[in-house]
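Notes follow the structure.
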Amino acid sequence: MSYAHHRRGGFSLRLLTGAGLVLFVIWSAAPILWLALSSVLEQRALIARPPDLSPQNLTLSNFITVIGSAAALGRGMLNSLIVALFATLASLALGAPAAYALARLSVPRASAIAFLVLATQMLPSIAIAIPLFLVISRLGLIDNLFSLGVVYLSFNLPIVIWILRNFFLGIPDGLEKAAAIDGAGVIGTFWHIVLPISLPPLGAAAVFAFVEAWNEFFFALILTRQSAQTVPLVIAAFAGQYQTVFGQMMAAALISVVPVILLAVLFRDWIVRGFADGMMKG
Amino acid sequence: MSVLLSRRDMLLAACAAGAAASLPFDTARASEALSVFGPLPPDPAPPGAAKFAEAAFEAWKKAHNAQVSYDLLAWPQLHDRMATAFASGSAPWNVLYMCGWVPEFAAFLAPFADDLPKALVDDLPASSFETVTWQGKRYGAVFTLSLLTLFYNKEHLAEIGFSAAPKNWDEFKRAAKELTRAGRYGFVANYGDPAGIGGTASYWMAFLQQAGGKMYGEDGLPVFKGDAGVAALQMMMDLMPGSDPGSISYAGINDATNVLMAGRASMMMNWPFMWNAAQDPAQSQIVGKLGSAILPAGPAGSASIDGTDAWTVSKTSADPALARQLVEFYLDADVQKRQALDTGWLPIRLSVLADPEVQQKLPNAAVVLEQAKHPYNSFVTPDFNQVTQALGTEVQKALQGQKTAAQAIADASDLVTAIVKRRG
Amino acid sequence: MPSPATYEQRRQTAGLFLLAPSIVVLLAILGYPIVESLLLAFQKVQLAAGGIDRQFVGLANFQRLVADETFRRALLNTLYFAAAEVVLVVLIAFAIALLLNHPFGRAGLFRILLVVPWAIAPVANAVLWKWILNANYGVLNGLLQSLGIIDVYQVWLGTPVSALNFLLLVDVWKSVPFVALLLLAGLQRVPSVLYKAAYMDGASRLQTLMHVTLPSMRAAIAVAVVLQTIWSLRIFDLVFVLTRGGPADATVLLNFLAYRVTFNFLDIGYGAAIANVIFVMTILLAILYIRLVRPAGEAAR
Amino acid sequence: MSPSPSSTPLAIELRGVAKTFGSVPVCRDVDLAIAAGEFVTLLGPSGCGKTTTLNMVAGLEDCTSGDILLAGRRVNELSPVERDVAMVFQNYALYPHMTVAQNIGFTLRMRGTPRAEIDRRVKDVTTALELSHVVDRLPAQLSGGQQQRVAIGRAIVREPRIFLFDEPFSNLDAALRVKMRAEVKQLHRRLGVTSLFVTHDQEEAMSISDRIAVMNRGRVEQFGTPEEIYARPATRYVASFIGNPQIELLSGIVEAHEGGPVVRIGSELVRLASSLNTPAGRSVDIGVRPEHVRLGSGTLAGRVRLVQPVGPSSHVVIEWDGGSLIAAQPGFCRLQPGEPIRAEISAADVMVFDHASGVRLSQGMPRAN
């Protein structure tokens, strides 16, 4: 049996893998499918028992209304995009070098520093909301995309550092030494060698930072007024005190997820590619 | 037609309002600028945010040389944003929407309602000031008469020989029981969230007043640990066999409303806004079948609770007079009428409530007006949330059979006493 | 012009230079709020005109915690929730990562599908699940009934045990994607030569998994466990939308309690005390996990 | 410090170099002087400090004390690139995300060499190393031998002053290892670049080096040509590390005997060269290499325990009441285990070590310590 053949496995393993993938698809997609259905059915069909999926209940009115109110959703998405891109790029730009320093550059007490950095995320955000609001409002930066982006940066940065540090720790010494011998400085080694071979964790970290900033609700709620409103607030606006405009909310949620999916498509290659082979531990 | 589609229109309008509000504050300096904090439609939003009385609003702004910017938020998030801003001492708004939070935030509000014109005040139900008064001062003006009344499915009730809604507790219980059949439930409620106005505790407060009880004595300490309190809870427990068992898990009123609108529950206690929603064929299966009535009478008669949607003025407002004038505009008879006709939110002015056009368009207006003749205290205090949380949790335990009514009320009384005493 | 620093010194200098911006940013943004929230836990805070009134009360808030029945309940709920969630999320995510790393699961579609549950805005996600789980018109009831699994509609969020476990299920569903992504990244750096060697050595698949895959993934698993612990102890939005802590406080988790006390009751000092309990719990658990999962080599370093 | 322009400075010189990690000493007082063009090997078991020494020469690790001089210039504080050294690593350390050409060209790129020149030099190197057909492949797509050549190519492409090799062949199978050894040797002959090579394989060291520094526990025990190291090991440790099969060491006490001192090992008296001048009563270890035991006649009476044919010769293990010895016999040996046999140890070739210090007692050295 060839090794490639072995990788795929025998009949029973292939069957198991196939079944597992089917389960995985159901597990991930079924609730999403329901979300999609909810967005194209009249509410009276959804509260029927069992849900009435007959074609006369199909409607595009939710999407028409939501897209018609593009001022709110569109601006929310634009705001979210700006904030999330800023938080993602900044947390990678700051976090990757910091993680590299903590993993490999003999910074004194690196483990303790890494832990302290992560510990900033162990205090529930509710506890820091009021003091943080105080600072930002004194600075006059309430309802400002930049201040929101910076706050998200501070939430994402520790996680990004932590994820990347643990991956950088596993890079064999030899590569950096070889780069040093080849004439690359510390920064050059980081840029030309370490980053390119860390695409999967970088991709994971980037997707993480983006999604978290894109979807963050609580700080968006207290730190914005109207002009810097992000998309989760726009979506939440469909749920009122006496009524939830469920179909429109689902339609808005579906629309708002498109950029994240595009991001996943974009980063798919990063997530797939691995350079493990050829960098055995020295 | 416009009524049926109003919920969408209002959302559109809200978005437009949001866009308008995003103009930088500086450009508004030339004229007087007012910042108004309130809910997004379909919750009761002001003119310019919801789609009504727009022309009048423009005219008012012009006449007063005022810029009004709206900071609107989905209702469930209002309290959090306000609490954060107040706690940090930097709430930027001049006019604020309040829903039972006046005692809690009284320190930040101006007692402007004492200065309202007498003609206006005389046209408002005196009891509507109960939830906006704290320590003898009136901090707000309720702008929509939003009382809990009974909504019912006329077809279902007819099936069991009820030509009208149940009039008293016994009829209520009997109807609920008999209506529970064929995959339907006689009654549905949202008992999932214990706290706040419209939470489990506040339902109990309606029953409490129907039983002739009240929450607090003159000294501010709880006095509900008597027969009335227990009877109110027992009534709720007795309704359970005729209720949707899911009631205990419905955390928002729309969870319960949907059951009624699906035709699988026959009665529920709900707010006036329910009326319009139930006539919208896109979401309701009971169009034309809905009836409304005052809440069934307990030993002391009918009683309800107040939704307490009110406008208040911030203490730090640069121009308190202008802020007060804006609230007066919101309470203007014509604006109130448009509010009722265009959004379905009932007016608070008695004269507008009595208006035939309003009564014709909103048949439940008369019912709510009738309900207003009975007590409808929501017993708001600075620690209302905490009190209703403790109380509502005890009520939930009794409804789930973990405690007897007497036990739950006794425990609730202890908890509430401790909370009130901690406030000092 | 050679600089007088050696390779190691240069690396250390560069390290401090690369680390500094992050530390500065974190300190500038989070330093004051964190210290402040620690201080708040020892104060009685009341809203007063123009802001808040603060009064130092020593350990009074913590003494109150000890006597607070809701707090005890929330603590137990949270411990159960966090433990169950970390185990479930890591196991399911690991299984998914293995599936997606298998030649059959390499299609890009699977990876995109993977991130979708996580990408749905949490507010919408929670409302979606509220509808799915509804006792009267929820599609889960409808589905299970049509499959003959249940006879009558169930009130999934009606009893304490069931409500807590459905919260758990929904949060696991939402949390698995990121951890799977992380573990997938970990799987991809296991050199295939190790698998080949294991194959040559005649190791069974299970043995390969236990002796080759798992040890190579220690770091990734450690990160996943620590991060998931942090997030599990902080869960809030689902409780807020799905159950509001009910019925009868059965699903109150610590962070929701901290929220309720801080923002609903405006008892900011007491809320900060609860938040700090979460803080300390998280730190202790994180240290424990890091020690448990750390490779022997690093322990000696 | 600076050498006079007329004298040719040593290519590499280590003066009292020491390295400690925390409180653990890894290298102690290492002195080495390597002339230009020499091929020198650091040989020793793992953990003896040889790789650390190499790294210190490369500039990848700092020395705790002592000086490192390259071409007469102190380089302690210089970075690897300033030292102008090239290195081949144990696991090749090829950049996994770069093609063969990019791997080899990386160092030139880092030096700002113009693109065209990089291409040209990479082409030269890949042609010379027979890598032309794989220049666009990633390291993971190469065989072990090809990876090895890429690693070498990366080192030679920029024509450095010094080559450093850190156990470069340890991942190769035996046949390939021998082949690569020859290639490296040829390369050295062709380029004439000073090379420092680290290995734990004594055979590799013997076959490739001009001189070998045998290291043990952070020290250089002996530095000499392969012949010196083999024939005249300075210490018992060096003697036992070099040679396959290993040298046999037999302990005993020196006795005065007619015709010179002897050491009694069981019934056998091993004669020592009288020039050693060892006093009676001294504890010594006798080292006997297999080729210095002659079978068939002699005073030693024992039995055959084991016969191991290795092709050109056979190793015969004989045992007697004093212990056991290995004798190397040319050709294919037909002795049977258990057979009685006589043997003779060549007195002239016996090495004698002081038992306590392990230092070899050599002619003309009456006393050790």
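In order of appearance the chains are A, B, C and D, and numbering begins at 1 in each one.
Everything that follows uses one rule, which is that contacts are C-beta pairs under 8 Å (C-beta built on N, C-alpha and C of every residue); 3 or more make two chains touch, one makes a residue touch a chain.
This structure is a prediction, so every number in the text was calculated from the model and none was measured.
Here A-D and A-B were compared by C-beta pairs in contact; the pair with more is A-B.
Measuring from the averaged C-alpha position of chain A to that of chain D gives a distance of 54 Å.
Remark: chain B and chain D have CA centroids separated by 91 Å (rounded to whole angstrom).
Our note on geometry: chain A versus chain B, Cα centroid distance of 39 Å, whole angstroms. Centroids built from CA atoms put chain C at 14 Å from chain A.
Counting partner chains per residue, chain B has residues 80, 84, 87-89, 258-259, 262, 264 touching two or more of them.
The multi-chain contact residues of chain C, meaning those touching 2 or more other chains, are 7-8, 10, 136-137, 263, 268. In chain D, the residues touching two or more other chains are 59-60, 79-80.
Because contacts link the chains in a way that matches no line, ring, star or complete pattern, their graph is best described as other.
Applying the touch definition to every pair of chains gives A-B, A-C, A-D, B-C, C-D.
Per the touch definition, chain C reaches chain A in the complex via residues 7-8, 10-12, 14-19, 21-23, 25-26, 29-30, 32-34, 36-37, 40, 95-96, 99, 102-106, 108, 110-125, 127-129, 131-132, 136-137, 139, 142, 145-146, 173, 177-178, 181-182, 184-186, 188-193, 195-196, 199, 205, 219-220, 222-223, 226-227, 230, 233-234, 236-237, 255, 258-259, 262-263, 268, 271-272, 275-276, 278-279, 282-283, 286-287, 290, 298. Across the complex, chain D meets chain A through its residues 55, 58-60, 79-81, 85-87, 89-97, 106-107, 110-111, 138-140, 147, 154, 164. Against chain D, in their complex, chain C makes its touches with residues 2-10. Remark: chain B residues 7-8, 11-12, 14-16, 18-19, 21-22, 39-43, 69-77, 80-81, 84-85, 87-90, 92, 99, 183, 198, 252-254, 257-259, 261-262, 264, 271, 273-274, 277, 281-285 touch chain A in the complex. Residues 59-62, 76-80, 82 of chain D are the ones touching chain C in the complex.
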